[in-house]
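Each of the two complexes below includes chain A, the first together with chain B, the second together with chain C.
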Partner chain A sequence: MKSVVSHQASTPQGTTDSLGSKLRRKRKNGVAGYAFVSGYFILLALFGIAPAVYAICLAFTSTGGHVVGLSNFIKTGEDFRFLPAFENIAEYLSIWLASLVVIVIGLALMLHSISRKVSAAFRFIFYLPGALAGAASVLVWLFMLDPTVSPWRLFLGIFDFKNLGQTILPGHLPIIFAIIAFWAGAGGWIVVTYGALNNIPNELIEAAELDGAGPMQTALRIKLPLIKKWITFMLILAFAAGTQLFVEPQLVGEASLGLISPTWSPNELAYYFAFQNNNFNYAAAISVDLLVIGLLCAAVLVFRTKLFEVE
Partner chain B sequence: MQFDQENNKQQTDRKGTESMSSPIRSKEGRRRLRPKLRSSVLAIVASALAVATFGVATSASAAAAKKPTITIWVDSTRVPQVKAYEKAHPTVKIDMVTYNGNANGSGSLQSRIALDNRVGGGWPDIVFSEENNDAASLASSQFNYPAVLNNGTVPSKVLGGYAAGTLAGCTVNGKVYCLRNDLAMNLLFYNSALMTQFGYTVPTTWQGWAALGAEVATQHPGYIVGSVGDNWDDDIYLWPSECHVNDVIKTDTIVINGADPNCTRATQLIDPLVKDGSVTTDSVFSSTFGTTYKNKILMMVGPAWYGQYLFPGIVTNGDLAVADPLSWGSGPTVTGEVGGGLWFMSSHLKGATKALTASILTWLSTSYGSQGISPGYPAYVADETAWVAGQQASGLYSNQIAPVFAKAATEVWSGWSPVPWSTDSVFGSTVVTGINSGQTLTSQLSAFASQLADYAQSDGYTVVTTP
Partner chain C sequence: MRIFNRVWSRTLSYIVLLAFTAFFMVPVIWLLFSPFKTDHQLVTENPFALGTLENLGHAVRVMFTFEDYSLLNWLKNSAIYSFGGIAIALIFSIPAGYGLAHTQFIGRRTLLGVTLFVMIMPATALVLPLFLEANSVHAVGTPLSVILPFSFFPFGVYLAYIFYSSSVPKDLLAAARIDGCNEWNVFRRIALPLARPIIALVTFFAFVANWNNFFLPFVMLPNSTNYPLPIGLQDLLSTTPAFNPGQGGQVGIYRPELAVATIVAMAPVMIVFLFAQRSLVSGLLAGSTKE
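And now, the complex of A and B:
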């Protein structure tokens, strides 16, 4: 992320170089570029593309390896756990994405308009929870959610939650997982959005101020439209990550000694098919469903916001 | 890289050419760098190959060695039993792996076996599971994991040494796939000191238990006669009531009927007690259960292992007593069970390793050296007397437990079958969450039953509502 920002910031200014030296630089950049990308590409091919291709193959074949067309998709779609799982994830996503967009951008805009020293301290604080890896952050939350041990038991008491079982009722889960996801993930996005805001040329903001725009107007009319692509980018990644929710329901389920359905989210359902029913083909079909949904959402956002167009 | 740069710089400087440009950018530098790159790539490949060969070599030497390492997967409660084996047999190499025991429908064991099946290796040699349904699940064609034990793998004398009917859960189509660790039949635990202090008599029927619960709620609020906060409470309340939600009557046909009067009679009895607080909705293993209910548990129906596993520290030593399972007034008294633990061995073993593994399996599940330190009532008859004597000597109980345990062990109702899904898990996500959101147990029975029917149908069972 950082490299993109700095790269944009240091767009070559000098255009007086001779054509020859320009070409040479281009070729050199090309080689260095490939070298830098290769490490990532190898890992992507091994652990990203290859498993995805494998999953797609599995999704269209039977356990015996015969091609069965869409049969796996139809059978999983008809399963009694399929719809509830997707409903759960949809509810979770709507809370998580809405809060992400509104709060992250709001906080980043605020940070950008206060003094640099203070804002650096705040950015650090916002980022801190993100330093805990997924599973560890869920464990922290298990303590927070159990009214018998939580440091926030007073707060949980307002809702009349007396034990962990009452806190994690099915109706509360989407919002609880959204809070956990926000707590762990929002800090990183605040830092990224702040970076994007820093990318806005000072002259633009100064011009707006000269024209009489207040902090609010500058934020909403100048800064916000200029970071639109970053917001799209954040939405695409957050959506993809959100549809794959797994660790949170799985761990909370185990910690509550099994009070959450083991097939709460689509990813958990895929896991259940693979490992409880030993049906990797059904599991692959659900993961392909998720892949398609993620791609569709990304495509809509990319085309609607012209994400890849260079001005 | 820095070294390379300096090296190149020295060389270019020595030649006295292109001193202005960076050495790497120069053609000369690039040419020199290439062989270096090539050699470093070669070095990496070589070292990778070396690591790989070393790995092969060590595994080959392990296979060649006469003493195989036996991998044993257990939950943390069973660790002392495996350690006891290691101590008694110092020459046998054991690789003990602790996992969650496949408890509460977590399915971690199935996950592992499915992966091992996929790669065709890596199966644990011996596995302990807390999940009583696992023989049905693991022996199915989906997993094909456990070895058949009643074909001479384990001596028939050993199999014959188990209490009658206790290997039923391990038996699928006449083949025995596992050995029971302990019997987990439900009993009525009570605090004899409190009973005397309050002037109550110990009930013998569920109706009597509920009536006493109602009295406790008015006369001694804060004291409890049971708990419904855990996902295995179906085994504690519905199973002994002969509730038909889990009754496989013939291969692939199951009776599931949430409206069965045998189910509702139990839930209707408990609902008012949940409301008046004499039956708590806290999980018995929640972090504060011990402090909240210290010496406040007047009675509690629960599996035999609650005695040694749950109550010490919550009930003062010497105040705990056990009574026969509660009856429903008419018909023979039956009870349910929670867990009990199963020992499996892998079907993928051969020759000496198989024989050794079978002997370890037998030792862990039948020898007193192992069972004597298990918190559960041994399923292997020969160990029972000594185990009970040990429990009695611990001073936890105020009455004689031997006759109660022995009688209850034979009373487990057979209409609650092992199935490939976790009934407890469904009970947890429907009924227990329902109670936590203020609903009654009775109102959740239909959701419980309909989800069980969904699971049964998706696993290929025909669901019927009458036996």
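And now, the complex of A and C:
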């Protein structure tokens, strides 16, 4: 059985193959390759690349269509709402990603060390809130954060929150959004991480145990390095999703009686520029800002952890 | 000593797991209980006190008949957008993942790299440009303006690629070729049947992503008859006096009714999860060749 991270053995080419038949095979393989990816390529071009290129074009032009260089970036960057929006998101992301690394992996390792049936029940329970991601999860948490109806009212009482308005004060939002993201998103990642752990050959774990490794050592020295690729994958995607925060501040803002800024997150700011100010160029500039952050982070993770080591 | 350690770590594991069980489940249980109570009871009674079926009936009736059965309409819209997007995404992403993993062609690495980057790229960064794109072909407000962007699902391609490159041995495919299969048949007879867990995984992630997507339909669909459920929920939230005391109570949407709408919104994803669960974690490939 192949593990997730094992290197592929190169295709054994028969030594009796003549060079000609090898080349033929390669060419045939090439045409087939194009056929397999062509449909996806069209979707990629139309709904991935074209809009991205369009966003970049918009970001460097004025509403009248003139090339204006970095002007849109400078003007949006100097906007008084710009920095706070990015600070908000940075604070939220640091809490959310840290909890992913520590808690999600910790829970997955625990689940992997107990019996399969029991762990299946836990995984299901942890995953269940994933069904409420997005608007539904925000609604549920508006209930949870409202001390007048919340089942956690005792807990909220510790912080002396008397009504919803006090719980969702702007300063509390990064941690609240991290809790919502964790509640709705962690289960899915636990399932994925557990799946990756499951793919580790048993012999490896047994060998470690024979060599005297305890559960902790097996987890840290054998299991963790073997699922590194999936952890990277998780962090990249969670970061990407995290920078997109839109529905959470939007809906919580709806319930805050105007206490929370309608431009709390960068995406809200971009939306505001686009639909309140009718300035798609400013909106595109912020979109490109987010894009660059996401790409830089991805590049660092991809090149540092060799995500493509299956080659 | 070792056995002692093992018992300790196991006990500790269970304590932590149970604590998180409470964290994850209490909101769901509360949500399921709340439509059985009146708004007043939710405030005054124990959070887990049982309500009555009568209250449930009332909340369901009010919620479903609200604005001429809007909830059912949103549900229908969500289903059309989500499944339309998934169907197209699956048709293209499974062969693409296979092609990227097991065939050689010029531009393969580039396509792989672009896929990864587009997948990581915040999808919302493309929402406004997609809106302009749709606008230029007069597609704004149509179901296709949401379905087609949904059908582009690079995460699915990447999952399929990871699966095929790490869990389907090249030897297996080479064996099929030696037995006389052409490239299409290798894919159809060997790779595709093996892909069942990955099809479940892609369907599942695409469904959750589509069903819960907020920003794209929010921008693309200005008309409330086209709303999918998440936008519908926001609509409810903005009109309910439960969170906006300034709003008049004439719409009759209070917390129990909101809970009904939320349950309706989450139920399909839960049902899909129940079906996908088995193949989701069954270990991607249980030994078709031994190394």
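Observations, loosely collected:
Simple rule for what comes next: the second predicted complex is superposed on the first by the 262 of 311 C-alpha atoms of A that agree within 3 Å, B and C clash if a C-alpha of one lies under 4 Å from a C-alpha of the other, contacts with A are read in each partner's own complex, and residues count from 1 in each chain.
To be clear about the criterion, a residue touches a chain if its C-beta (ideal position, glycine included) is under 8 Å from a C-beta of that chain, and two chains touch if they have at least 3 such contacts.
Being a predicted model, the structure only gives us computed values, none of them experimental.
Of the two partner chains, chain B is the only one touched by A:N277; chain C is not. In the superposition on chain A, A:P170 makes contact with chain B only, not with chain C.
Of the two partner chains, neither chain B nor chain C is touched by A:P249.
Of the two partner chains, chain B is the only one touched by A:D79; chain C is not. Judged by the touch definition given at the top, the superposed model places A:V37 against chain C, while chain B stays out of reach. Taking chain B and chain C in turn and counting the residues of chain A each one touches, the greater count comes from C.
By the document's definition of touching, of the two partners only chain C reaches A:L142; chain B does not. In the superposition on chain A, A:G185 makes contact with neither chain B nor chain C. Once chain A of one complex is fitted onto chain A of the other, the partner contacts of A:L257 extend to both chain B and chain C.
Common to the chain B and chain C interfaces on chain A are residues 28, 148-149, 164, 254, 257, 271, 274-275, 280. By the touch criterion given at the top, residues 28, 79-81, 146, 148-149, 162-166, 169-171, 254, 256-262, 271-272, 274-280 of chain A touch chain B in their complex.
On the chain B side of its complex with chain A, the touching residues are 25, 100, 103-107, 110-111, 114-115, 117-118, 142-143, 229-231, 281-283, 285-288, 421-422, 424-425, 428-429, 432-433, 436-437, 451, 454, 458-459. Per the touch definition, chain C reaches chain A in the complex via residues 2, 5-6, 9-10, 13-14, 16-17, 20-21, 23-28, 30-31, 34, 42-43, 47-48, 88, 91-93, 95-96, 98-101, 103-106, 108, 111-112, 114-126, 128-130, 132-133, 148-149, 151-152, 154-155, 157, 162, 165-167, 169-171, 174, 183-184, 187, 208, 212-215, 219, 229-231, 233-234, 237-238, 243-244, 246, 255, 258-259, 262, 265-267, 269-270, 273, 277, 280-281, 283-287, 290-291.
Remark: chain A residues 1-6, 8-12, 26, 28-37, 39-41, 43-44, 46-52, 54-55, 58, 103, 106-107, 110-111, 113-114, 120, 122-136, 139-144, 148-153, 164, 183, 187-188, 191, 194-195, 198-199, 214-216, 236-237, 239-241, 243-244, 246-247, 250-251, 254-255, 257, 267, 270-271, 274-275, 280, 283-284, 287-288, 290-291, 294-295, 297-298, 302, 307-308, 310 touch chain C in the complex.
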